[in-house]
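Got some structures for you, see below.
There are two complexes below, and they share chain A, which is joined by chain B in the first and by chain C in the second.
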Partner chain A sequence: MSLISTLARLEAVESGRAQPLATVRHRHLSDRPLVLVPLTTAGEAGAPLGALVGTDPGEPRLLVVAQPRDRDLRFAFLADLAEEVLPYVDSFTDVVEAAERSETDPETGKKVKVEVDLCADAPQVIVPSRAGIEYVRLLGRSMRFRRTAEQDPETPFPAPPRVPLLGRWLTHFGERARVPGSSLLLSATDLLNRHWATGQSSLEDQHLGALLAWIDADGPESGAEAALRAELGRDPQGQLFCPPAGPATDPAFDNRLLAPAIERFDRARQALASAEDGESADERLGELHVAEREIRRLILSQLRPTWDAVWRSVELLRELPAGERVADRWTRDRWSFTGHRDRIVAGEPPQPRRDDAVTAAQKLAARESAQSQLEAQEALDDPLVLAGRRLAGEAFVAEVVEVTMAWSESKRPSPRPLLTVRTDDRPHLGEGTKVYRSLEGKPQTAEFVRSEEDGSLVLRITDRMGRSKEPAPGSVPEKGERIAWTLFEHDQRVGAKLPEREETPWTHGGPPRSDTPDPELPDAVTPEDLL
Partner chain B sequence: MPHPLDARALAALAANPGCRRRALLDGAGVDKTALASKLGSPAAFGQSQFAFMRGNAFEAKVKADGGRELLRLLGIAEPGTVRVPELAAAGPEGRVARTALALREATEAGTWALLDHPLLSLEVAGSPAHLEPDAVVVHPDGRWTVVEIKSFPMIDGAADASKVGAAARQSAVYVLALERVAALTRGAEVAHSVLLVCPKDFSNLPTASVVDVRKQLSVTRRQLARLTRIEEIAAALPDGVTFDVEGCSARELEAAVESVPHAYAPECLSACELAFHCRERARGAGAVEALGRSVRGELGGLTTVGDVLAAARGEEGDADDPTVEALRRAAALRAEALACR
Partner chain C sequence: MSFDPGAEAARATAGILADTLHGDARGVVVDSPPGAGKSTLVVRAALELASAGRPLMVVAQTNAQVDDLVLRLAEKEPELPVGRLHSNDSDPYDKALDDLENVRKSSKAGDLAGLDVVISTAAKWAHVKNVEPWAHAIVDEAYQMRSDALLAVAGLFERALFVGDPGQLDPFSVVGAEQWAGLSYDPSASAVSTLLAHNPDLPQHRLPVSWRLPASAAPLVSDAFYPYTRFRSGTDHGDRRLTFGVASDGSGPDRVLDEAAESGWGLLELPARRTPRTDPEAVRAVALVVRRLLDRGGAAVSERAPDPVPLTPDRIAVGTAHRDQAAAIRAALAELGVAGVTVDTANRLQGREYDVTVVLHPLSGRPDATAFHLETGRLCVLASRHRHACIVVCRAGVAELLDEHPSTEPVQLGVTVKFPDGWEANHAVLSHLTEHRVSWRP
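Let's look at the complex of A and B:
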């Protein structure tokens, strides 16, 4: 955390209100995001308890597993979830625009441009918290290796038809969420924490209710007081006013309300199973429905406040204008989405349990370059982010006080104008250090020449001035202009190309062997399995 | 009646070694949960009965078949006879003695043995703490291995790192307690790696992984050695301070708690029952630690929110102090950026 954001936190403590950490929005927000608020059963590895899901804040779809230990009920839940999520995802797969991608021609080995489809827009899933993102990954992992009866008639516990496909999509979203700056799967807490500083620690900021209490505070109550109530406030029955944003539930809710309700449901099911005639069966079926309705009511009571909080977060973020380069990062998300769509259409197997060495290295490299790209883009888009880099000596804002034309000493002299600039910032410059500014969205390079005695700096511009002897109009700054220069590159250069899978070096296990077990094998199932 | 220390509490001490309040209260065996409730900031720790039931069912499954399942997880397919000694006895002291006896007998017998919920004791700051590992396996060669059974899953061979870390810290305390017994037993040696047993993927089939706890062991050992200096903390207290949760009024207790300095940091919230009380105090005093330990590190000699903001605004502070100077530049840059919105 930079000193500037620390200062923002301290100001938030003093004022009792969250303080801005950004002047623009740094993440893409879809016009039609899908919000998913999942709940899980305590102590079970990914046995869902319920979820609210949908694209309309006023009309969430409630999905509930009345008895989380029952495999059929869990499968019914996942099938319902697939019916909500997959049509949403599918609505983006067919609307495409033409785009170009460079590929290596297999025969000549040269780079050629290929015309391909790019989905014009992509789905966006928003969950309440980081734990929610992990849960989406977990759900994806638990579903993508399942077999349906159609795929394998012998499978002992066939999954409903669309469940494995949902698993593949959730896995893709979960994987993409690890790429810095990506927006296919976002969490409300991360979104809010990126744009506001509260007067509490970053650990406490993981609590969506408390976080919103700081940011969305109105009235005389301070953010700290409102946050405390969100964290700890309980009604006379000992239930939290603000239930946890999930996927874990509050133990007091589990023990006092949910467990008795599930027990009633179990008893009603047993009673129904042992009913002897039609009349008593009808009556007992009625009791079962009552018990089920009660569980649905309880789960909804835990989910609804979080659902509303997520949509409120989206609303708050929409009030901020999008950063200029946000659309560029969203385009990468669209590529990622399109790529996965194509893999599914091509009938490729689900994502493996573990990446092979080359894929893992590629993913890491991609995330690293996305991280540095994100840092650069955010600084260029937002003066408040740039302020942090200026404080760190990685950027400076300077006024041009003099422009002297000069040329390079080659056969065909190119313009190499010298700028004298004045700044109060303290950039870490050494002779020949390259600095960059944004010129019509593209970086222009200059190098540091010397410091003058009066403290002004001399820079020499080295590119983007056209091919002729005189620089192209507008390509050289004019006297009096205030310009932000960065010491970091705007577009991180891509590292050395990684080998193909088939050429994995022996140090990394060598090329994948064809005789290793089929990576698609479903998980072993036991009768008491929990997912 | 002092509240006995358990392994979790001992392990948590390592998380915030500088906190005198916690060291003293834990060393004296004060029931911090009751204390926190009486002070009006009850702890929010609790366990769902679903998790509890699932944990018990899983543990029973792991220990089924006379310990053979567990030995299979240790990689022993054909253990021959496996002794599962009876460890029941009256009172904790009786159980501790019974455990020590069973360990000695099993080591002398030179066969595999599984001790189900043995009870160990460890002297902490002059009072005995009773520790109950899930199981201890005795190898024919006299090695003892601590087994920790957890119900969080190991998916594709990997479990949640923070949970594994917590389990390792807890197991290290057991290893430490076992070493005291091993020192008195001929031919015995305690393994410095423990067996962590978890459900595999999404099933309830157990799978296991050997976790090296040498690092946690040395940290815990150092912490426990430090704890013996509680007398010094106590000696610095005013006369007549008592933490009698039953007998004292909330105000008396509050004064007593205040007489011991705390070292609140946000990490305490997940480890200490008194955290909400200490947080309130830290916030009330405007301590910058309440925002995180890293924040404290950035601000040099400035320790309160008021001091930092006054320095940043140029109202107070020495302009030659590098921290103050950096703060003023930060404040100016932030104001400039916000002004151009």
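Let's look at the complex of A and C:
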């Protein structure tokens, strides 16, 4: 944790209110996000219990699995979820703008510009917490390899038509969420934690209710008291005032309310199955509906507070203006979305279960460069973030007190002006350390030459001054200018190209073998799959 | 029993060279403990491969390592045509290379084709495309190279000798890589672990003698960090001595210096306290120890020279866990008028050697013991850079801190568990240091 965020937390403790960590919003927020609040069944991985989903805060769609162990009901739930999510996703696929992408021409091997479609906007899914993102990934994995009756008439347990497709999209969102700064799939707790510091530990910050208690507090109660109530407060029946943001449920809810209700539902189903005539069947069907309605009511009682909290978080974040470079990053998300749309349209198989060596290395490299880029961009967009970097000695704001023109010693001398600057910051500079400033959105490099006796610093500008002997107008700072310099680069260098998949070297197991079973086939069905 | 370190080391080297030059395996792996002559081995292997007429590429991890290797090669064999492949940055290589007649420097691999040996960093090699593969490669510091970096360069060579120190810091990534944990080709793992996972039958050797570490340090470092692949020191007790021209003034720093001169280890323990990372008292204590080390006219006697060699600033290093700590100590040293002493983080001290090191303990003053601060390699690097003595500055209470923070890293299926874990290694080092403790209240 950086020094400045530690200080912000100390201030939060002292004042009883969350303290801002940012002056602008560092993540893209869609005008029409899809909020998904999932719940899972205790004791069985990947058995959904219910969900609230939708784009309208006032009109969530409630989906419930009354008996989570029943595979048919589970499929029905997933089919309903697909019915909610896929039309939302599809609403972005057809609105496109023209864009250029450079591709390698297979014949000449040269880079050429190709005109392609880029989706003008992309979907954005918001879940309550990081565990929710993990759950989206899990749902995606459980669905994308399923086969529908249309894909494979032989399959013993065909999935409803759109379920595998939903699995592929959720997998894509889950994978994209691992890219730093991406915004296709976000969690409310991560969003809030990026922008505010509370007076509690970062573990406690994972509790959406407690987090909001610090940030969205009104009245005399301190954030700490409100957060404690959000975490522990229970009604006379022993139920939490603020149910967990899921996907896990509160054990007290499971034991006292949910388990008896599911038992009633099971009994009603059995009774219906053993009904002997139409009249008693009608009566027992009525009882079954009552039991099901009760489960729906219970699950809604757990979901609704979280649903409202997620929308409240979105509202709070919308009050902040977006950072200047947020749109750039969103464009990358749009490329990612467009790319996956194209893969689906092209009939490509679902994402493989495991990345191969080359794909894994490519993803890691892309995420590392996204991480450094995000850190740099946030500092450039936001003086408060920059202050944190200044405090850490990784940036400094300095006033230019003198500009001395100088030139490089070569046949064609280029300008290498020396700047004497004064700063109160304490950057970690050594001889030759490169520093960067933003000049019309592009980084300009200078190197540290020496410290003067009076504490001022001498920098030598080394680029972006044009090709002629005299520097281009505006490319050299003037006396009196205050400039923010960073010790970190603003852009990432493009990493080296990795070998093609088919040319994986011997050190990494060689090319993927073709005699291994088809990687897209789902796991074989085992007895454990069918209880 | 008699242990002849020279003969043991020679036997190991002969085995490595035999496998490299005449073996059938595509790769040979050499584990080298700190100061075991890894660079000497690399130079020797490079010369033998070159003289056998096999075009050789050498992959090192940093530009400093590359330049160092070029200089060593030129020193041994000034006639050998060597290529130094460098980046397009300004000032891409050590200017000393310009004085070497047979070293050609270029940023294009094509310009260096046909030279006996071409040396560069892994990052630069990764950009080399469309060239005839080299018959042989030497990969230096292979345990610090990431698997994805090896993936990018492995197509450039037919066979390779991988040399490195498994006890030093593992490579790291700035983003989470848990999703690939347990895969044989996990891109964030070390190059050697991927290599061996896919080629388990490759011959593996290790160098058995540390020429750097003194007899007082080798057993501790070996026990704490290499419990299953022990090594010995090349020198014996009494072969090395550290003396001071000026007597102790009785202060804490002077007493810990005397203890370290006597035993090879010293622990300057400050009162227990939770502090920010750049703990001003500890930083000042480190600076004072260095100041006194220079003021008292330290002199080192070793097998290298018959007469005592004065302890100059360039033979001293200060090691820390974090960069801001290093910066704070540099500032404190400057305030005390000390110049020329290396102050750096464990990452950057890897592979370096000094007469005396002063270490700010990674856990000093901390409220918690995170995986970063517990990492075995970090402590190993800090505790194994010295030829004579190592002085650790630390707040009291680290043993209790360790007990309150057992390792809690999740167990990942398919990942080879590394022994010893940082927790255990930290305890082992700490309990040894306690025997050389000087408590001091600044």
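Just so we're on the same page, the second predicted complex is superposed on the first by the 524 of 531 C-alpha atoms of A that agree within 3 Å, B and C clash if a C-alpha of one lies under 4 Å from a C-alpha of the other, contacts with A are read in each partner's own complex, and residues count from 1 in each chain.
In this text, a residue touches a chain if its C-beta (ideal position, glycine included) is under 8 Å from a C-beta of that chain, and two chains touch if they have at least 3 such contacts.
Worth saying up front: this structure is predicted, and the values here are computed from it rather than measured.
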For A:L3, is the partner it touches chain B (first), chain C (second), both, or none of the two (neither)? both
For A:P499, decide between first (touching chain B), second (touching chain C), both and neither. second
Dominant toucher of chain A (residue count), chain B or chain C: B
Is A:L232 touching the first partner chain B, the second partner chain C, both, or neither of them? first
Examine A:T462 and indicate which partner it touches, taking first as chain B and second as chain C; both and neither are also allowed. second
For A:S372, select first, second, both or neither according to whether it touches chain B, chain C, the two together, or no partner. second
Determine, under the contact definition given at the top, whether A:Q200 touches first (chain B), second (chain C), both, or neither. first
Let me test your reading of the model: by the given contact rule, A:A387 touches which partner, first (chain B), second (chain C), both or neither? first
Counting only touches as set out at the top, which of chain B and chain C does A:R354 meet: first, second, both, neither? both
Once the two structures are superposed, pull the chain A residues common to the chain B and chain C interfaces. 3, 354
Would you tell me which residues of chain C are touching chain A in their complex? 26-27, 90-91, 123, 126-127, 129, 147-148, 150-152, 154-155, 173-177, 179-180, 183-188, 191, 194-195, 198-199, 276, 323-324, 327
Which residues of chain B touch chain A in their complex? 44, 46-55, 151-153, 155-157, 199, 201-205, 266-267, 269-270, 276, 283, 286, 288, 290-292, 294-295, 298-299, 305-306, 308-309, 312, 326-327, 329-331, 333-334, 336-338, 340-341
Considering the complex alone, what residue numbers of chain A touch chain C? 3, 178, 180, 354-358, 360-361, 363-365, 367-368, 370-372, 392-393, 428, 432, 462, 495-499, 503-510
Using the touch rule from the top, collect the residues of chain A that touch chain B in their complex. 1-4, 6-11, 13-14, 20, 23, 41-46, 68, 138, 141-142, 199-204, 224, 231-232, 249, 251-252, 254-255, 259, 353-354, 382-384, 386-388, 390-391, 523-526, 528-531
